[in-house]
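Below: a set of structures, written as structure tokens.
Below, chain A partners chain B and then partners chain C, in two separate complexes.
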Partner chain A sequence: MSARNREALALLPSALLVTAGFAAIFLKRDAFLSNASLTYGAVFLGLCLVGHLVIRFTAPNADPYLFPLVAVLACFGLVELYRIDESFARLQAQWFVVGLGLFAFTMVVLRDYHLLERYRYTIAAGSLLLLVLPRMPVIGEATNGAYLSIRLGPFSFQAAEFAKIGIVIFLAGYLRETRQVLIHGGRRFLGMSLPPLRHFGPLLAIWGTAMLLLIFIRDLGAALMFFGAFLALLYVATGKKRYPLLGLGAFALGAYVVGGRVGHVQDRVAAWQNPLDPVLFGADIADQGKPGFGSSYQLAQSLFAQADGGLFGRGFGQAELLTRVSDGGTVTTELLPASQTDMIYALITNETGLIGAAAILLTYLLIVQRGFRIASLARDPFSKLLATGLTSVFALQVFVIVGGVTKVIPLTGVTLPFISYGGSSVMANFILLALLMRVSEDARRPT
Partner chain B sequence: MNGQIRNLFLVVLVLFGLLLVFTSRWTVLEDGDLRASAQNNRDVIRAQRVPRGRILAADGTVLARSVRTRSRGTNTTVYKRRYPKGAAYAGPVGVSDLQFGQSGLEKSQNAFLGGKAVKLATAVDRLIQGDQRGSTIRTTLEPKVQEAALAGLNGRAGSVVALEPETGKVLGMASVPGYDPNRMISEPGYRTTLKNSAELNRATQAAYVPGSTFKVLTAAAALDSGKYTPDTTVDGSTGQRFSGQPLANFNGEQFGQVTLTQALTQSINGAFGNIANDLGGRTLQEYMERFGFDAKPPLDYPAGQIRTSGIRRNDKLIPATSKYVDLARTGIGQDKLGATPLQMAMVVSAVANDGRLMKPHLTDRVVDPDGRVQEEVQPQLYKQSMKASSARQLQQMMGNVVDEGTGAQAQLGTDVRVGGKTGTAELGNIADGINNLWFIGFAPLEDPKVAVAVIVENSPGQGGQVAAPIAKSVIQAALAAGAGR
Partner chain C sequence: MIAPPLADLVEPVSVALKFAIVGVLYLFLAWVARSSVVDLSRGAVGAVAPGVVAGEGLSGGGRGEPRLRVERAIGHHPGDEYDIGQGAVIGRGAQVEIQIEDPYASSRHAGLVRQAGVVIVEDLGSTNGTFLNEEPLVGAQPLQLGDRIRIGDTEFTYLDD
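For the complex of A and B:
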């Protein structure tokens, strides 16, 4: 069977999944089955078909599993969003259409993605601009003390979502050019051979600016992602373990210094260490029946939601989610704040249990495996580095948010790719997917 | 570069493994702790969608019920608790609320009330019917007894416990000052206005110095040990030295050699000091345990709301054999003794029931939403406190206390005789005349149907004048309500 036919076949189960999921929620909500579940299933299948056709015509040899795997995630996300609030699902479905459009656009326009290598400095500058814009007056916008988005009319963009792709492209291009120098090194320092500053400099400058900007706009989750992708690329490009190890050491030192001094970071670390602490949780706020919550409330509720799910979960639509009902039936506090974005993994675990959560993680792992496979098969260093970088940044994004929600690391807000609600996230990840597909097409095209 | 890419994939594998391990930790390994966390109110949120069962008095009076309310914000139906009798039954019934949690029977019988404890037949029904509903708890509480107890206390801080000696049924359980559970639920600031430990159920949670009512237990030990009969004589003079300190009789009254009956009738401290010393710590300890001291009474009530009675030093229970115990003063109910009203009611109930101490219980039966009896509580022997023969002797001695001694004000004025014992527990300074006033008693003397313990806190006067009349009206109410049928 050809790659494309395999892909088409693999899309069917995810459309069935979305139908079944909506059916379950309708049953829970209205005790009868509406044909809207079928409508959603059909629309979803239609979108998948469009995506499939785009790939069939633009990249017939590309990896057949990536797109169906993404479809599974998207369908899972759509069902959960519908369950939280119908309007989220409707908007998200629209974002999927836009994302698919961008996907098609990228597939068609970037037939030769090696063009990107040539414009690497422009792309780097653009990415840095994207990162600095949220802090600018008028168009910048702050949420929870972090400057994450740019507001343009009715739309707001999560700058870091797009910047991550630009930074990866720059790193891949730059490292392709200088990796030989970096491998063979220059002068020796403390028993290690360090590359000449001339070659290392621009790299450090661009990366350092990005990191500073991230601290400046206080997007710690994205900073972690960027930094991890940088180390991964450096390692793959040079083959020297000491670069990433040195980087990790520097990061640990930086985290220790920043974590101890910047109040905004201190709070998060304290909430991470003791989420059930009544003071951090804000138990007194809740006792007085006031709205609002403490700094560890979100993480604690995330853990409670997971415990509530157990092994098999409570079933779609069965998690306690929206409100805590106080006297007189007035709504005071959301039980699981940001359940449609940061906390969606906790909600999925609540409703589908450890089994469902493991399935989601496995799906992500399969995507990552396909990504690295594409990198291995790629024929030139730039392609290899590009695929590696995109895959790494994707994997790290999953790790940062799921790790935050499950208390592996302090909680920082980034989206769960293809599942969380949010236009920027959907669009950026579809572009990322298109780039991977292009690299794959190049690698697998028979010569 | 492919080797490095493979290594990178291994790193990602490890990171994702970490995610899976932590997810497992919260969902299946440590989920119990998280579910039980005080901050986690998911169970309560869920529970408020279930109509809880009612709590009824013995005659069917509704003490607690659930009413439907519609939540504006979420457009869901929730149930709220209402307590038609307000503060009167707050002690035994407790309260159940999203914000304050649960107490009393609402807590101890939550599995039934919330509809979680289902037997197989009803579980199958539930699959067919769907909605979860709670079972009804019918209590042993007699409204007449409860009203008489509250009327008797008349707003004075204190507590009354009435038991049915043969079955262990709790006929009445009053604690003053109480709180109104309805206001607790609906008025956010109400709790802060409560004073004098109003939320405490004094009947089970407050340990008072039992004073002379404890002489009943000392006398029981004396008779049951075989060393004493009601006619054995003891030195009852005032000012005898025990543990180096002179022990005065009440009002310094002088007695010579008195019989055990006389000693109890006149509540002679010197005599009981001698008896306690003669019996020794080991015997006293044995009988305290036989009457339920040093263990939580097995009441169907939250363990966190029951205090263990006994001898305490630095808030830890110590046995009567300890070197820190002044045996003579323990024998007259002073020193380091602390006893809850429930405990003293158990003591007098055991004597009244010929030495058989029954398990006290508040729940009479559990009825499921379809009217089927799910569970019926049967009388159960808790401890054989003393021999039936010595118990009967003690009953007669206690009858003497009411007929011609300190407990005269508990007389019913009919041919029904009452047995009892007064207590005036010293609060340190005798001179100001403010004491904790006790009365424990039972009736009818020949065929006991009700046993009662009464305490009035920080009051002038003596147990015989203040507490005995309350006991009298509670006993009258219990007999009128047909206790012991």
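For the complex of A and C:
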């Protein structure tokens, strides 16, 4: 079976999942099965087939499993968003159409992605600007204390989502250029041969940028994502373990020093260490019957929701999202705040249990495996580094949010790619996917 | 639609739906995973991309004997390997270790030297230049597993695994 036919076949399960998912939710809500779920499934399949056709015409040899794996994530996202609020699902579906448009655009226009390497410094400057803009007055906007989004009139978008792609492109281009020097460094220091200062400088600058990000946008997750991708690339480019080890040490040290001084990061760490602390949880607020909650409420509730899900989950549409806090029943509070974005993983765990959550993580793992596979097949250093970087930043984003929700690391607000509600996230990740497909097409095209 | 008398079927049906969804999902993932594994084992036998052994990535270890494998060269068999552990000169002349009959090659075209366990390639002032991974070679460059050296229409891959 050819790669593209395999891809088309692999899209069927996700259409089936959408149909069954919506059926389960309709059944729970109205106690009847409507054929609307079939319509949703058909529309979803139609959208996927459009994406498939774009790939068939622009990249016939590219990896056949990436797109179907993403479709499975997207269908889970749509079903869960519909279950939280119909309007979320409707908007998200629109974002998917826009995202697919961008995917097609990237696939058609960027036939030769090596062009990107030539503009690496422009792209780097643009990405840094995107990262700093949310801190600027008027257009900047703080979400829960972190500066991540830019507001332009009625639109607000997450700058970090787009910046991550730009930064990876820059790093891939930069390391392609300098990796030889980094491997065969000059001076020896403490038993290690270090590259000349001229080349070590930029590496320090990247570390400094990550620290500045931490201070400026106050977001540990985004800083971890960018710096982690950088270390992964550095390791792949040089094959020397000491670079990522040194980098991790430097990052830990910097995060400790900076994090202890930036109030917002401090709060997040405190909430992470002790989510069940009554003061942090905001038990007194709930006792007085007021809406609102403490700083660790979200994390604590996420842990409860996941534990409540058990092995098999409560079933689609059965998680409790709102509760009445006062005796009169007039004030409601969210049991799982931000369940459509940051907390969607906790909601999925609650409704489908450990087996469902494990399936989601497996899907991400397989995407990452395909990504690294593309990198190992790629024929030139820039392509290898680009595919590695894009895959790493994707994997780290999943780690940062799932790790945050499951209390492995302090919780920070990044989206769960292709599942969380949010236009920027959907669009940026579709561009990332298109780039990976392009590298894959280049690598697998018979010569 | 389910008629009202069947309302007590709602619960079992939704449970069945949930397990069906998870079941389909796992079957799909198993299929993709199986294909990935098949892919990997196939890649390990024959190098899929020219010059790069699948799974090796960019970071060549350099533990084995350094060799040059012929990719294409007039008068050579593709796949032949030259041992370059003692260094070598590539060129059209008679006094070289690796002789190529490429019209674009100079008599002493490019030199390979082994220094501190690393093989370094250098252009010996040739007329048409040497290309390392399709980039013009400037100065002396250390070689890594999978690097491609091209002189005119002749191409070698550096191996040290």
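Here, the second predicted complex is superposed on the first by the 432 of 447 C-alpha atoms of A that agree within 3 Å, B and C clash if a C-alpha of one lies under 4 Å from a C-alpha of the other, contacts with A are read in each partner's own complex, and residues count from 1 in each chain.
Basically, a contact is a pair of C-beta atoms (placed from the backbone, for glycine too) under 8 Å apart; a residue touches a chain by one contact, two chains touch by 3 or more.
Worth saying up front: this structure is predicted, and the values here are computed from it rather than measured.
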Where does A:399 make contact in the superposed view: on chain B (first), on chain C (second), on both, or on neither? first
Quick one: classify A:212 as touching chain B (first), chain C (second), both or neither. neither
Would you check which partner chain A:408 touches, where first means chain B only, second means chain C only, and both and neither mean what they say? first
Using the touch definition from the top, say if A:42 reaches chain B (first), chain C (second), both or neither. neither
Considering only the touch criterion stated at the top, classify A:278 as touching first (chain B), second (chain C), both, or neither. first
Which holds for A:20: it touches chain B only (first), chain C only (second), both, or neither? second
Once chain A of both complexes is superposed, is A:306 in touch with chain B (first), chain C (second), both, or neither? first
Is A:349 touching the first partner chain B, the second partner chain C, both, or neither of them? first
Check whether A:364 is in contact with chain B, with chain C, with both or with neither, and answer first, second, both or neither. first
Which parts of chain A are touched by chain B and by chain C alike? 235-237, 239, 369, 375-376, 381, 384-385, 388
Touching residues on chain A, where the partner in the complex is chain C: 6, 10, 13-14, 16-17, 20-21, 23-24, 27-28, 31-34, 65, 68-69, 72, 179-180, 183-184, 235-240, 312-313, 315-317, 352, 355-356, 359, 362-363, 366, 369-370, 373, 375-381, 384-385, 388, 443-444, 447
Within their complex, chain C touches chain A through residues 1-2, 7, 10, 13-15, 17-22, 24-29, 31-33, 35-36, 39-40, 43, 48-52, 54-61, 118, 133-134, 141-142, 144
Mind listing the chain B positions that touch chain A in their complex? 1-9, 11-13, 15-16, 18-20, 22-28, 30-32, 34-35, 37-42, 45-46, 48, 69-74, 76, 78, 80, 98-99, 185-186, 188
As the complex stands, chain A meets chain B at residues 232, 235-237, 239, 276, 278, 281, 283, 287-289, 300, 303-304, 306-311, 320, 322-331, 335, 349, 353-354, 357-358, 361, 364-365, 368-369, 372, 375-376, 381, 384-385, 388, 392, 395, 398-399, 402-403, 406-408
